[in-house]
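So, here's a batch of structures to check.
Next come two complexes, and both contain subunit A; in the first it sits with subunit B, in the second with subunit C.
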Partner chain A sequence: MMSNENRMTIDGAEVAFQPGETVLEVARRQGAFVPTLCYDERLDPYGSCRLCVVEVEGRRLPASSCTLKAESGMEIRTGSDPIRKMQSTLMEMVLSENPDDECPRCRDIGTCEVHDLAEKLEVGRERFLGAISNASKDDSNPFLLRDYDRCISCYRCVRICDEVEADHAITMTGRGWNKGIATAFDGGLMDSDCTLCGQCIYTCPTGALADKKMVGQGEIPGEVEVTRSVCPYCGTGCSINLHSRDGKMIGVTPVLDGPVNEGALCVKGQFGFDFVNSGDRLTRPLIRKNGELTPVSWDEAFDYTAQKLMSVRADHGPKAFYAIASGRAPGEGSYMLQKFTRAVMNSNQVDNCSRG
Partner chain B sequence: MSNSIPEIEDAKMMLCVGTNMTECHPIIAVRVKKAVRKGAKLYVVDPRKIPLTEYADGHLPLKLGSDVALFNAMAKVIIDEGLEDKEYIEERVEGFEELKAHLQPFTLEYAEEISGVPAELIRECAIEYAKAESAGIYYTLGITEHICGVSNVQSLCNLALITGNLGKKSAGVNPLRGQNNIQGAGDCGALPNNYPGFQSVEDPACQEKFEKAWGVPMDPKKGITKIAALDHAVDGRIQAMWICGENTLVTDPDVKHTTKALESLDFLVVQDMFLTDTAKLADVVFPAAAFTEVDGFFTNSDRRVQRIRKAANPPGEAMPDWWIISQVAQRMGTSVDFEYQSSEEVFDELAALSPIYAGLTYDRIEKGDLSWPVPDKDHPGTPILHEGEFLNGKGKLQLLDYVPPSENPDEEYPFYLTTGRRLPTYHSNTMTGRSGGFRILVPNEWLEIHPADSDRLGLADGDWARIKSRRGEVITRVAVTRTSPRGTVFMSFAFPEEVMTNFVTNPEVDPRTETPEFKVAAVSIERVEAPSGLGAEQALRADPEGPGLV
Partner chain C sequence: MKSQVEVQDPITDRILDEWLEEPAPFLSILHAIQDHYGYLPEPALRRVSQRMDIPISDLYGTVTFYHFFQLEPKAIPDIRVCENSACCLHDLDQLCEEVAGADLGIEHSGKIEKISCPGRCDVPVPLLIGEKFLHGAKPGAIGEAVEATMPLPPETGQQECLFQHIRDGVSDLKVALEKGAWKSPLLAASDPEKLISELKTSGLTGRGGAGFPTGVKWEVVRNENRGPKWIICNADESEVGCFKDRVLMAHTPHALLEGMTCAGLVTGAEVGIIYLRWEYPEILESLQAAIDEATAAGYLGEDACGSGRPFRILIRRGAGAYICGEETSLLNSLEGKHPFPREKPPFPTTHGLFQQPTIVNNVETFCAVPPIVEHGGQWFSDLGLGEQNGMRIFSVSGDIQRPGNYEVPVGTPLRQLLVEFAGGPLPGREIQGVTMAGVSGGLVGAEDLDVRLDPASLDGLGAMLGAGGIVVHDDTRCMIKAARESMHFLKEESCGKCFPCRIGTTRMTEILDELGSGQPVREGIMEEIEDLEEVLGETSACGLGLAAPYITRMLKKYWPDQIQQKLNGSTQASEGADDE
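Right, the complex of A and B next:
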């Protein structure tokens, strides 16, 4: 006989769960459609948007599944008509305060969570049409677009700044219609404790916060490709997703299951990628001719280099050559340079840049 | 690092030494801040009042280069108070009685005199460190960029060894590496004394292994370090150099010396993404593809081997580093195999020849959850080094003496200059300076100076000053700040086109690692008028989002 321990029912199917899991986590693993707006897997459950409501057998009122811990024997219904109706109404209320003009995030970066959910729940903003907060902030920082007209008060930005980045540079202010997001003394981000790490952008489910570097890149043709990689700056090794379009880098987002950063990034990792697009990248091999570095073909550069190094080796011996490998470039290049030094130039005259 | 980064969050005590973590390793700093929230103690040892001190239970603002005196005194406190881990010492450590005797002169009073840190604070820090269930030491170049860098590291290792903090979770001795793949470069054998996987070039068994693998004789003598190589370039013993992805001219100490070295070469090859100041001196420049344009790997501070992947196309004819080098090799009439079809083939060869990478493949490093050593294909990786036993038997305590910095303030050069990075400007700014927006955050270099010092010199915030050492001088703006202690000023080296900080820095090296003492130079400071052409208008460039200079 099967024990009832750590098993529950979701939409009629019996499922196992791990102690400590929330009903939302179990239901989503089962493939149930449970919408959320204030939820981010990196954050503590918050339960403010109420979209994740489910019916719990034996309870009079629906419960928010993100804050409800799974219990043995629980019976949950996720998508009943009353639940969908509640969710649709909640969504309509969210949308009613959201501007009707084009969402820059949807246009240039990818459909935001609010507009994605509106489509899935098939609702619009007409029914409760309300005023717009006009809380937008003109912020002079170079990286973060702050358009709080679109804010839905899920406070994911405030919580990510606190819980994931441990910075606590922004907070919620006011009550009711006057509620908002602010820095200490309500100034611009650059006049606050904000380090411009940009992680609030990535968690924001609306177009209230957006990456200024990505906005405006919508003109580049083709689909956005997302490629997992690792940050090229310090030695922490944060996992990043590279966003590219038509073979060109357009942005970076954190990898949520990156083993080192677990979805956190700093200002360099988040915004310091576009040096690769810099107009002054070297594009051709160069050889100094009559004192000037002159573009040549790869063949000419290779032959010239090989011939010069062979004559240095012949005339001055293996130790007259020295190679310095990069602590910045991928390891395969460093391996190749030391192999070249040891197996072709016949010495151990190789080092990397760690000494200074 | 002896321990992994995620473990930091569960440390009970953290001793952060010479590491401006929130600016230089911000995401490691997140772990430290989270540990503090969970109740861990944090002590910061740094001459400057860096942002991390705001989270700390104690800040020990030591004088530059006084680390050994300070940490020896801490070890003495721990032993005098009977707080050492006797069982661990008995089982795993040697030289305890010798250390105990050696530490006798390192009284709190002596340490206070040398380091300037109040005796009571040193004692408190020592006791908190020793009492904690798991205490981690985290350090960066503030420890290693000294003429006594090795001793500094060893003085920290002594603390970990006598308290049993090496070889267990959320503890250890943890250098935070400053560059994304500096660990990987060493792992790959780009070192004068080691083949890939830290196998000694002077060990006949290792020589034989590589002779067999590559089919040619190996040089049985180790090479010289990069620092010595620049000297050899000056005196003609080195005629040709190949520099990959390093702006040597800007980032090495004593720029005049570096320039002379590179100009003395008969043949210089530079492989880079940009025409850096170093590349401008080259005879051949190879255009390298960026990390976004190639497949490969980076190995980070906690020995985690991670995949990077091609997401974009390189500009023009730029190519991956490994390919460029293999092509030159193939044209040198060698019998050694340099025909590779992909970066993965290169990685597989590295793994086959390096016991610490032996169990790694591109498939296994997909998600970056393996830290070396990974000796075989089923091995789960080694997030914590030295668990149970040390590789070479027992942990040997070191008897260390305090050696003052090679340069100290005198009448002519009355200030200490120390150097480092700032959050938005990485190193020589080759990358951050070319990324849109960063010039708005930090538009130019400045000298950080304590108000007591600036008052004495008649300097106000925003004034210009000449900073002069025995090697050279620079002119820069001044920022009056209490971040710097009295008598010590700070600069970064991120704006070489305007302020070449390394004209001033000290090229004296630690005799064992040949790492220069970037962290200490004696300088004089005097107020000057804003130089023409370098006024405020240059600080706020017309197009701050445009590409910066090198």
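Right, the complex of A and C next:
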């Protein structure tokens, strides 16, 4: 006879679980539709949105499945009529605290979690209308839009800043309906411990936080194309999604299942892509002649460089040469540079800027 | 990072040096800084952040959670006026206008700030200026406002238990000892099993409202092998209409200290903490004096009551937040964390203060322990009427002849409490209804005033006994407004963490405003109330949100006519508008 250890019932089906797993994790693995808004798999369970409530046999009240640890013999029902009705009401309540205009994030970046879930639960912003919660913040930082009119107070931004980034740049202030998100003493992000990593905007399930550069790009015609790639900035190799429209790059989003970064990016990888479309990009070699940078052919550039390098070695010896590989060069390029330094220039002085 | 720049503030450093080795020092440090500067200056908070290793943003956010921590200097204090249940039965607009320009004997700015119930419903309306309270300010008669004294409970002529000695001035250790105080801890030390068994026999349950059996709670903590264990007294009495713990602490502090010491000796905890609400500054002084007296006499300290074991009691002062009366919020508050409630389980008995086994009991619960030890559990149990156990204290206020605290047997009919003991309604008036548990236990209408005051009977009506606050409304009152005021309180005091409570109490308040306004109401408003009740009552994360639907459900049950009248009125109004 099979032991019922680490087995439970979800919607009538007996399933196995790993000790420590939450009911939400087990239920979703089983394919159950359990909506959430305050949940992000990278964060500690929080239990604030209460959308993930499920019925637990033997309990008088539904429980939030994100904070409920799976136990042997537990019997869970996820989608009964009363549960679905409460989820719909909760969703209507959430919609009621935000403005009734077009969500810029949905328009320019991709459907936000709130509006995606509202569609799934088939509810709109029609009932429970009243005061709008929170207030937008004027923030002069170059990258992060902070439009708290659209905030639903799930505190995912605060929690990812604390738990994942350990930057503790933002906090929840006040209490109840009058709570908000702020930096210490309510200053701008640039005056805080914020590193502008952008993690808050990509965990945010609403249009309250967004990439300033991406919002407003909605005017460009054409569909947004998303291309998975690897961040070119350093040797870490973070996975990114490149968003482009009509062949023009409009933004970067982190990839949650990126094996190296698991959804994290730094300020450069997240926001530093202006060079892609910049008119200042070098497209051909230049040699300074009589103080003027003058376009030359590749052959001329190679000959000139080789000649200069050989004369440095002849005149000053191998120790006069030191090579630093760019962190943005691929591994093969870095390999070639150290080979060149050692075999051609006879120097051991070689390094990579990513070594920090 | 900016927060790593070293901040210098010698005064804050001195305060930190003094407190950092003490248990749960967070609130005391902030109060000491605020007492010195008059507010919490930014450099001081940055210094606290660095030395306590709390990120400055988190510290700032936590400070903004409380009503009474100030981030701006204020040379002259404003006048804070209670806006809740018993007080808002008076014309507060007129009162505020009058007091703003009045000479109240204490310098004030003339600015008014409305605050949540400071637990003085028996002497309405309290005014708070700085840390001084004036009691009994009535519109048209603000001259009668007097500096606060804590009134004794009115007498019932019946047998009392916790109140039996308080008319003799027991707050003094000498008098308390004459009445037999401080004997029970020796039994706790010599035969803890016996004490737990007496508690179980007594049927004593948590008097803060949740009603968990005290003996069972103590036994669980006693049986835990981890430590250090903690004994916490929840004296954050913040529910509107509740002021029973205030009277106990004011008039029989040694019973509280003795009860806590029993808990310490039974469980092996060496430190007890009284989490005292900020709004009781007089109690802060008198309670500290009682602790000092008991320590000097050897009842507390390294050899508590001659038991050979240490036990000491500390006071930690809250800073104004109703939710900190919720036990897990209280624990977070003591630890210096954002005072949101924690997920339960685990419960504080196994994972309480600093995740260690912890007893959290209400003031009245601890105070009941010495008489139970003295007379036996059966004696206490027999005090209750019928199947009920023991006595309970009820705070009665509002439209009633003799507002105050009454200790009556559990199971006493509500009508007897209100009419026989509290003197009934004012002349020429009828009682229309009362709020229960303070306000979060809903409302009971006149037709059910014969209900017995025990948890099951109130449950049977769909209301809740809770912490024993009862605010009386007579037949001149609009019960929609009464419900609105109760809901408004919950909205103001919602912590803001869980969605159903944060949004739900706000929308309920707005809806009750709309309903009470006499203006046309939107269609489907009653369905909205029903759906909000369901979500609040089923999915909220703590007792605050879970209790909110009691208010509207009881309003609909007892006063459907008042609602219908408003709905009809609004239909007529809109029809009238159509005709024009």
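Note that the second predicted complex is superposed on the first by the 269 of 356 C-alpha atoms of A that agree within 3 Å, B and C clash if a C-alpha of one lies under 4 Å from a C-alpha of the other, contacts with A are read in each partner's own complex, and residues count from 1 in each chain.
Note that contacts are C-beta pairs under 8 Å (C-beta built on N, C-alpha and C of every residue); 3 or more make two chains touch, one makes a residue touch a chain.
This is a predicted model, so every value here is computed, not measured.
Looking at the shared chain after the overlay, A:S72 reaches neither subunit B nor subunit C.
When the two complexes are overlaid on their common chain A, residue A:F340 makes contact with subunit B while staying clear of subunit C.
Once the two complexes are laid over each other on the shared chain, residue contacts for A:F128 go to subunit C alone; subunit B is not touched.
After overlaying the two complexes on the shared chain, residue contacts for A:G279 are found with subunit B alone; subunit C is out of touch.
Residue contacts after overlaying the shared chain place A:G258 against subunit B, while subunit C stays out of touching range.
The partner that reaches more residues of subunit A, of the two candidates subunit B and subunit C, is B. Contact with subunit B, but none with subunit C, is seen for A:P232 once the two complexes are overlaid on the shared chain. By the touch criterion stated above, A:S80 is placed in contact with neither subunit B nor subunit C. Shared-chain residue A:T294: touches no atom of subunit B or subunit C.
On the subunit C side of its complex with subunit A, the touching residues are 1-3, 42, 55-62, 64-65, 71, 321, 323, 338, 343, 491-500, 502-507, 510, 524, 528, 531-532, 534-535, 538-541, 546. The touching residues of subunit A, counted against subunit C in their complex, run 37-38, 45, 47-51, 53, 61-62, 64, 67, 82, 85-86, 89-90, 93-94, 96-97, 127-128, 130-131, 133, 152-153, 162, 167-179, 182-186, 191-193. Subunit A contributes residues 141-143, 164-166, 190, 195-197, 212-213, 225, 227-239, 242-244, 247-249, 257-262, 264-269, 271-276, 278-288, 293, 298, 301-306, 308-310, 312, 315-316, 318-344, 346-356 to its touches with subunit B in the complex.
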